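Several structures are given next for inspection.
Okay, so subunit A shows up in both of these, paired with subunit B first and subunit C after.
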Partner chain A sequence: MTRRLTMKRRQLLATGAIGAGALTMPRLALAQSDGPIMLGTLTPLTGVGGTYGPSMRDAVAGVIDSVNSAGGVLGRQIELVSEDTQTNPEAAVRAARKLVDVDGVSAVIGTWASSVTTAVAPVCWEGGVMVYTVSGSDSITQLPHEGYIIRTQPNSQLQIEVAAQFMVDQGATRVAWIGPQTPFAESSIAILGDVAGEGGASMDSLIYEADRTSYRSEVDQIMTGDPDFLMLGGYAADSTVLLRDLFQAGYEGKIIGPAYAVNASVLDALPNDVVEGLFTWEGTPDVTSGAYARVQEILGVDVVDPYSAQTYDHANLAILAMAAAGSSTGADMRGGVRTISQGDGEIIDNAVDGLAILADGGSVNYNGASGPCDFTRIGDITGTQFLFRQIQDGQPVDFETV
Partner chain B sequence: MELIPQLLVNGVLYGSLLALPAIGFTTIFAVLRFPNFSVASIATLGAFAGWVANVPLGLPILVAVVAAFVISGIVGVLADDIVLRPMRPYGALTTAIASIALTVVLENMIRFGFGNDLRGYDLPLVRDWRFLGIRVGPQQLENLVLATIIMVLLFVFLRYGRFGKAMRAVADNPQLAALKGIPSGTVTRLAIFIAMGLVGVGGILQGLGTAIDPLTGFRFILSIFAAAVVGGLGSIPGAVLGAFVIGIGQELSLVILDPTYKSAVGFLAILVVLIFRPEGLLGEKRQ
Partner chain C sequence: MISYLASIGVTIGIYALLALGINVAWGLTGMINLGMAGFFALGAYASAIATTSGELPILIGVVLGFIFAAGGGLLLAAITFRLRGDYLAIITLGFSESVRLFMTNEIWLTRGPDGISDIPGPLRGELTPRDFNLLYLGLMIVVLIVVVILLRNLANGPYGRALRAIRDDDVVAAVAGKPVGRLRLEAFALGAGLLGLAGALFGHYHSYIAPDMFLPLITIYIFLALTAGGPGNMLGAVLGAALVVAVLEGTRFVHDVIPGLSIVQVAAVREITVGLLLILALRFRPRGLVPERPARSSELGLSTPRRNR
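Up next, the complex of A and B:
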């Protein structure tokens, strides 16, 4: 006879509420750790950033393999510990705690979403561990990190200024920003508003909830202002839903979105009509560099996404910083980074060459796959190129570089 | 304010998509007395099963919907047999927690097979129709009609068919039903099959209007749960009513709330129901 299960309704509802909440809670990843110098990657292997995380990790693994083959750094081998942020700050904090407290990594490489980086950075700097990030939010490098954060991605202020100017130059008169709640949503709206105002255009904005399955009503709301140029502020999954809804609503104006939000999988998932004429922009890797060619080889691809190019640089910078500082602690590496990333040293594009020069008492200036990799006092890059593309027949076509 | 009629229409369309998985969720609760959160991944599975039928195999959407129903139903029954049934003797809370673990495992199995990329169905996307200033998408209308037909068929099947009576008997008192010669194990499995099949159809209908990825079902699990609670856990008509209350409530909330707080409407609805009518709008009071 089966045992009858009963649960009081209130108890059940409470369970249900806990259950629904628990579903949104991230899951702890497991990894083993031992070995000499530990480097951690904390990339989005799942969640909305899951498209990028695996290759970001692989680029770091490629650098570590080549350095280990050449004898390692500080006379020790390097071991990689890879964790998944799940593109979720809560999961990322737990993973960061493991990397810092259990694995004892010297640096955490590759945090992608700004909300994730904002959440994990204090865990890292309090544990004396460097963070190398590809997140764009302005607020990240303004945190009191005391030199523990290095960012290779142009900050959102620079990104939005460039794109806003592009919109005005393309003749926009009624611009609008629409995107989810992120650490850069408010600042993006403010910057776009300023640039649009200077260019004589009106400005409207709407912040929506991420992870919805439909944005029909949000589209209806933003279209009441009759915008003629829309900037998307979200990621790939929500932008796909939004672009469909905009098309169905009969929106005829122009659209621009960051390349990470209108990426290849979005173009594959949407009919060509929906994305025809849409603009994208991104900080572009230095495709002419030797470092870029090396990332192509590591990943076995023709086109390297900007984030994998950046994590390749992160790994090289971290290893060279250790060598320059003569130590693998985060506190010492902080000072070491800028001595090998900029200045009058010999220009190099990989850690193996750099380690040899440093061992001979020379100085180096690392120029990487993502660009020159020169950093300001607070850890921002000093400059980069932006590539604008336009979608034609479902394919991105280069439009202009600024 | 001029947006209200449009928001109402959007709410009805969204509610119709929520209704099928909410029916599935509440049916399982009616028979087994625990909230089965694996519906999140089963909805995703339905969406992917339909995608495989529609895109790689090139079958029409209606066939894809049937494929979503069958595959989700089968996996739902198997997952219940293998994972959840052994947990039931340990209590409903344990089983509910196991269902969360199950949904995580299923989600990652889908991710392992299909990757994280977004996928779209082979469907022409057309501009919405406009009537009296209100826009309605042909695809959304098709979804509404399809969901309505399925709900009517289900109602007739459960209300007038022998299975419906047997299921209600098992839900009411499995021991008594067994004494009367009703094979409660078979009835339970069939109920899970139909419920999970409906959840899978909900997943594919959701995907038809957007694009799918391994998080498709996860994105609307809160709304499904809220719909089932508001309507009255265990009540199928209640789940339908709850789905429309949540759907319309979330869309209409834009009039007074920032779009950022849309999901809060679901939590708010659960809270209001718990305070004023714990059994839900159409639920029965239980001791």
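Up next, the complex of A and C:
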């Protein structure tokens, strides 16, 4: 008797759990050909990238609002669905499947971390959905994606080439690279070595363990080669520790680091002496463009971060690609995006203007907030501008634009 | 929609295998294994490398994934032979980090932080994504049923009783003549092997693995699954895994139900829910939804005094 009761309770629990599972999925909407066109953002709202994701998403929402109030695209309104990558590839894949299979999005916009982009890309291209990304790892556009990936972030090769040339131009004779193991570490060292070699400079490198509280032994090791220009390869937390240790060890040469690695929090955390004369560089948004001004307005900020500028462009590119292709499927948009991003068409900086021109049978060339937005065959961006800054009295001051 | 449901099913299957692996070591034998992510990674990498660089068939890759993780588990259990409780937990956590760092830095073997992409899956490319997801779900269910049946038989047999005796009091088990040391090694290795099996199946399903995928966060999900389902109980582990994935995925639809929340708040609510559930489960149902039943002598097949009537 007791045993039979236990079984019953078990069955009840099992049924209850299955029922609860079913209830958590109230919306069984599928991609429809007559309802609104769905666009998805997949940005990091929590985790390491959580500081960037919310504004990246808001920039996309701003574009969609303006296009919807101007009548939509292909005669349909656009609806935004947003998911969180949690800056974690495993969670991001689950989120991407939901966007692709449940919401039926035409494009996934704004993947940030390189490992996240690499993980979600197959889910998207197998489902016939385009991915617009801000990840920098070289390997991403080398995936067999058949045109489904568009990247507005200059790849790490281009970024390092530009910075390496800058170091040589500034008279470096013994350059060194120091950073943690990342997807860019190996290629950064190789490229810096090549450019330095052509410029007649020697080259040294050191890969360290990220997120340590002291890098004194690493600093001692890199200083045995007596470098006169150091490139930092880590993120902000490492840079803070490393710069302090370099200063204490009496390093007197020059230092350059990517702007995301020597950001405001690093400058706040360190005394001015430690960072005086330090160079930073970044692919810069086109701050003079009308598109940039519009992102400033959407986000309500003075300085737009490069990622939000890029997702603003992603949304415009995706919407214009639909109009040019006459279809909201990813397969058709692949071709459409290249006809509106480059070429001899009329230069525009927002989708609303572009849609009007395309509707009249014209052709357009979108130049956005992040730059001219021209793409190679495999989806890499060309023609990005780079801004070099120098820290003076604790503040970054523009040095030169390349 | 069907692909999405199928992929949730596959995720439940992988989480369930992980929960079962932890269950053998922790639920049955009482050995805490916080190095779950490490064994998960070991299995995933072994199978991925074998089937990409090694060009071996997927089935062999999966078996290798199991063997490598089980071997790693045996080695770790042997090294930590005399450690119990908190100390074992710390060592296993350290092991998991070491595995992740190895995968990040030994680029010649693992392609480092770029990860391994293009891992083959059964008939991927020949089937539509929907059919592939359904096929994989089918395979996953078969694997899961086989594993659950084997583990149930193991747990309910004399072997499982010995493991539970070690969990409850290893001195008593030793006094009763059970080879405590050997059983602990075997249980830990078997659990680790199941984690590796889950890893291998995870890699072949997603076609991409990278060191970032094996962070300790997933360990928390699995311990939640096991605590919710009922430690020591095999069906409870599967049910708990289903519950955790249902929560992880179901909370995506929170903003349809509570419209006032911003997107960032929804993201935060999802993470809070997981933590809250873990606390509530521990507080109100520490033995899980399906508690382990105390065994009765009559069910064990032992001779019991019985009146003839």
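Everything that follows uses one rule, which is that the second predicted complex is superposed on the first by the 347 of 402 C-alpha atoms of A that agree within 3 Å, B and C clash if a C-alpha of one lies under 4 Å from a C-alpha of the other, contacts with A are read in each partner's own complex, and residues count from 1 in each chain.
Here, a contact is a pair of C-beta atoms (placed from the backbone, for glycine too) under 8 Å apart; a residue touches a chain by one contact, two chains touch by 3 or more.
Here the structure is a predicted model, which is why all the values come from computation and not from measurement.
Enquirer: Of the two partner chains, subunit B (first) and subunit C (second), which one does A:Leu270 touch, if any: first, second, both, or neither?
Expert: first
Enquirer: Applying the touch criterion given at the start, work out whether A:Gln181 contacts subunit B, subunit C, both or neither, answering first, second, both or neither.
Expert: So A:Gln181 meets both subunit B and subunit C here.
Enquirer: In the overlaid three-chain picture, which partner chain does A:Thr329 touch, first (subunit B) or second (subunit C), both, or neither?
Expert: In the superposed model, A:Thr329 contacts neither subunit B nor subunit C.
Enquirer: Return first, second, both or neither, reflecting whether A:Asp220 touches subunit B, subunit C, both chains, or no partner chain.
Expert: A:Asp220 contacts subunit B only, not subunit C.
Enquirer: Now for A:Pro144: first (subunit B), second (subunit C), both, or neither, which partner does it touch?
Expert: second
Enquirer: Quick check for you: in the superposed arrangement, does A:Val102 touch first (subunit B), second (subunit C), both or neither?
Expert: A:Val102 contacts subunit C only, not subunit B.
Enquirer: Just to be sure I read the superposition right, which of the two partners does A:Arg244 touch: subunit B = first, subunit C = second, or both, or neither?
Expert: In the superposition, A:Arg244 contacts subunit B only.
Enquirer: Once chain A of both complexes is superposed, is A:Ser69 in touch with subunit B (first), subunit C (second), both, or neither?
Expert: neither
Enquirer: What is the contact status of A:Thr382 with respect to subunit B (first) and subunit C (second): first, second, both, or neither?
Expert: neither
Enquirer: Residues on subunit A in contact with subunit B in one complex and with subunit C in the other?
Expert: Of subunit A, residues 6, 10, 13, 17, 20, 23-24, 27, 46, 181, 207, 209 contact subunit B in one complex and subunit C in the other.
Enquirer: Residue numbers of subunit C touching subunit A in their complex, please.
Expert: Contact set of subunit C toward subunit A: 1-4, 7-8, 11, 101, 104-105, 107, 112-115, 117-118, 129, 206-208, 210-213, 215, 217-218, 239, 242-243, 246-253, 256-257, 263-264, 266-268, 270-271, 289-290, 293.
Enquirer: Using the touch definition up top, name the residues of subunit B that touch subunit A in the complex.
Expert: Checking each residue of subunit B against subunit A gives 2-3, 6-7, 10, 13-14, 17, 32-35, 37, 40, 88-89, 91-93, 95-97, 99-100, 103-104, 108, 111, 116-120, 124-128, 130, 135, 137, 174-175, 178, 184, 206, 209-211, 213-216, 218-222, 225, 229, 233, 251, 254, 258-263, 270, 274, 278-279, 286.
Enquirer: Can you name the residues of subunit A that touch subunit C in the complex?
Expert: 6, 10, 13-14, 17, 20-21, 23-28, 30, 45-46, 53-54, 57, 82-84, 86, 88-91, 93-95, 97-98, 100-102, 113-116, 118-119, 122, 126-127, 137, 139, 143-144, 181-183, 185-186, 207, 209
Enquirer: Using the touch definition from the top, list the residues of subunit A that touch subunit B in their complex.
Expert: 1-7, 9-13, 15-17, 19-20, 22-24, 27, 46-48, 50-51, 180-181, 206-209, 211-214, 216-218, 220-221, 224, 236-237, 240-241, 244, 247-250, 265-266, 268-271, 273-274
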